[in-house]
Amino acid sequence: MAQTEFAPWNDPEAKPLIQFKNVTKRFGAFTAIDDLTQDIYAQEFFALLGPSGCGKTTMMRMLAGFENPTEGQILLSGQNMAEVPPNKRAVNMMFQSYALFPHLSVWDNIAFGLRRARMPKPEIDARVDEMLRLTRLEKFAKRKPHQISGGQRQRVALARSLAKAPKLLLLDEPLGALDAKLRQDTQFELMDIQEKTGTTFVIVTHDQEEAMTVASRVAVMDEGRIVQVATPAEIYEAPNTVYVADFIGDVNIIEGAATPSGDGYDIAWAEGQAPFHAKTQTKLSNGQRCYLAIRPEKIGIATEKPEGADNTVQGKIIDIAYLGNLSTYHVELPGGKMIKAQTANTRRLSRRALTWEDDVWLSWTNTGSVVLDR
Amino acid sequence: MRRFSWFNATSLTLGFAFLYIPMIILIIFSFNASELVTVWAGFSTRWYGELLGNEAFLDAAWVTLQVAVMSSTIATVLGTMAATVMVRGGRFMGRTLFSGMIYAPLVMPEVITGLSLLLLFIGIGLDRGVLTIVLAHTTFSMCYVSVVVSSRLVSFDRSLEEAALDLGCSPFEAFRLVTLPIIAPAVISGWLLAFTLSLDDLVIASFTAGPSATTLPIKIFSSIRLGVSPEINALSTIMIAIVTVGVLTASIVSKRASVAQQRDEQAAARAT
Amino acid sequence: MKLRRFFLLLPPYLWLLALFLVPFLIVLKISLSDIALAIPPYTPTLDIGAGWDSFRTFLSGLDFENFVFLTQDDLYWKAYLSSLRIAFIATALTLLVGYPIAYGMAQSAAEWRPTLMMLVILPFWTSFLIRVYSWMGILSTEGFLNQLLLWIGVIDAPLTILNTNVAVYIGIVYTYLPFMILPIYATLEKLDESLLEAAEDLGCSRITAFWLITIPLSRSGIIAGCFLVFIPTIGEFVIPSLLGGSQTLMIGKVLWEEFFNNRDWPVASAVAVILLLILIVPILLFQRNQQKQQEAEQ
């Protein structure tokens, strides 16, 4: 039997843990967060994704209590957090720089918050040991932060912020300082720990792959607003704007004019070329400017015109990027438009027929593309 | 590898000879048996004995030490507070005036500082003595402390304090448990600097000291005005020895600490 | 948050107001007062307790008599000029002595540099008075320098160096040398060696590379070092009074004597006010240099 899907955001009965209500934050003349409303539910792994300066860090710092909203409210379990200082919030944060206290040992760093909460000594000991076990740091308890590696430091920071069993854990670019290989391992470890502890995680990242891997929902941000909130799959397969489509993964954007036709639209994209057809729920007026977003892996590439394909177009291979498991072909369409098409390299190199300057046919289905109005 | 030439070797040798020969001569002649300071007449520790029997010098040394400990301690507290506000405080009313008052004493000629404080003490009818010297020394040395501490605070990772708040510290606890231990080396060097400045000061002390309190520099000054004396050579030797031991110890300790830190970091990097 | 900052700010602020700003205003006020023979030897021209009327009488009672006096007696302006001249020459000499040392330090092997640094800083921690004093035994007529020169045979009769301006220059160079070396060393140490190699690669000789690359790139250090020597030297008292002679005129010494020997407080205060006005220009220039340097580093 399939597990019940974890999707409290689709349940109208569910009570959100965090509510942003028309929150605006200004720093002088600069608006960091612009009238933002968003719910986050208990046990979610919620990712704030966006380029630097999009306001994601400000959102997190407002949750931690280091900044207060200029307008609007932030509720935690229904309680307004405006006047609650950071040290009185059941929220902990893992800092981008880790912010490990250099003069304290790993053990003392983890025990720091528990001691402030005046927890009895035996309980502190037990809790710290539990955290050390959870993050596999038992051997390093007595070391100082500068005596351990970057990956270990990252785990100490995580253990320290989890020690007080906060309702909400904030992670500011938690893996930014790790190298690529370690980052992948740690992503899974983070998910594992989140599941084990049942804590709500809000992660800030500029790395879309990281957000897609760990998060239950991803919020893509731009200039102080959330552009789209959805599960990673939805964000990728059904972006709601060109900005989101472009930000997440690789995409071809073809601009054109829409004419209703059948269950979708015909999109005229160049003089003298047959329009592309796409199925969509999006409502467009006749002749409206729109954008067709097609992921490179959804485009087939062949030397012969494929029979029965929904959309086909001929072009010339200009460039080939060989990535090992994949190859990306840069194909120039009539009129100069460049399209990227990606194929999995299931065969050995010598057996593949396509090369530079080859004339090829590109094809995709009516549902392979997404129609966007902005 | 940088180029090393005879020119550099010569300039370093001559330069350090210039810096150190006068003091070495001073030390050697403090062990001279003769009354005449510039003629060697055999080894003797006679002047050290006479110095230790000289009540006036010992009294002055005691006053100087008291003044230095008190003024440097108050200056460290005030200077650290001032540095914290300057680096962390953001904008506030009178910030320009405040930062001006913090930096001005660093460049103010000592004669002016001394004169102005003396006129203040007379104006409010405060008897000149240990207290007035302490007040005067605290005033200028707190500025030095504040400069030393602010330069450390500027590079201080602010998220450490935020992490402490996040883990439940009150702002004061965050300062006591996290900020202070980390900036402690700067605070200590600020204290040492204030202490040395106070020990060293002649001009301001001359203005602000009354007949009841004479500091060592005042005593030394009044006796060397008349010329070189072997007793002063002995006293200088003792002071140079103390400073040398202090500075050497401090630099060895910090060198060891940084070597150990480097080694640990390398080991940690390899362990990954 | 605001309240905490207020309590943190209050003690140092009040301290500096009471013991730095107020005393300075008193100096300003006394410099505008008349001398009296009483102790304190000045007639207070402002009775703060007596309100507006007294303030008006105070304003009308102010005069620049003491400042006029400073311009009439040529001792004062000669002392100011001579202080500036001595400070200027001494600064140039310190630069000449200090630059090669800083350069040599920056060129030495990396493992030696901390030791050399410590050797430069060590004298800085030793008593200023003792360092000046150490030259008295060397420079006097029967001192070590004369003994050495006589022994070598360079001179027949001992030279008079102590109690001349030459001794003052030596004393200033000696005591202020660390202030010159440290900022220059700091800029030279950061200098990228490949810049010199690039210059040589492009056809410079070593010496032209030094003039065209090293000197301009260490400019901010040179400027900082010069001001760090120049500014305190102007008001210097200890060196001219111990090493200088009767013909050595420096304003710090004049102020001291005016105050302690002549007990003329108003004139001493006026001397102080003018001295400060003279110092403002180099201080502002120094600050600008520091700011530019900081901005360049960011």
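For clarity, chains are labelled A, B and C in written order, and residue numbers in each chain start from 1.
Quick note on the criterion: a residue touches a chain if its C-beta (ideal position, glycine included) is under 8 Å from a C-beta of that chain, and two chains touch if they have at least 3 such contacts.
All values derive from a computational prediction rather than experimental measurement.
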item	value
Innermost chain, taking as reference the mean of every protein Cα atom displayed	B
Most contacted chain pair (by C-beta pair count)	B-C
Taking each chain's C-alpha mean as its centre, the one farthest from subunit A	C
Interchain centroid distance [CA atoms averaged], subunit B/subunit C, Å	18
Subunit A-subunit B separation of Cα centroids, rounded to whole Å	55
Length of the line joining the C-alpha centres of subunit A and subunit C, rounded to whole Å	60
Of all residues in subunit C, those that touch subunit B in their complex	1, 4-5, 8-9, 11-13, 15-17, 19-24, 26-27, 30, 40, 97-98, 100-101, 103-109, 114, 116, 118-123, 125-131, 133-138, 140, 142-144, 147, 174, 177, 193, 231-232, 234-238, 241-242, 252, 255-256, 259, 265, 268-269, 272, 275-276, 279, 283, 286
Residues of subunit A touching subunit B in the complex	64-66, 85-88, 91-93, 95-97, 99, 101-103, 112-113, 116-117, 144, 146-152, 160-161, 164, 182
Contacting residues of subunit B [partner subunit A, same complex]	157, 159-160, 162-170, 173, 177-178, 181-182, 261, 264-265, 267-269, 271-272
Residue ranges of subunit B in contact with subunit C within the complex	1-5, 7-9, 11-12, 15-16, 18-20, 22-23, 25-26, 29, 37-38, 78-79, 81-82, 84-85, 88-89, 92, 94, 98, 101-102, 104-105, 107-112, 115-117, 119-120, 122-123, 135-136, 138-139, 142, 146, 171-172, 196, 199-200, 202-203, 207, 217, 220-221, 224-225, 227-228, 232-233, 236, 239-240, 243-244, 246-248, 251, 255
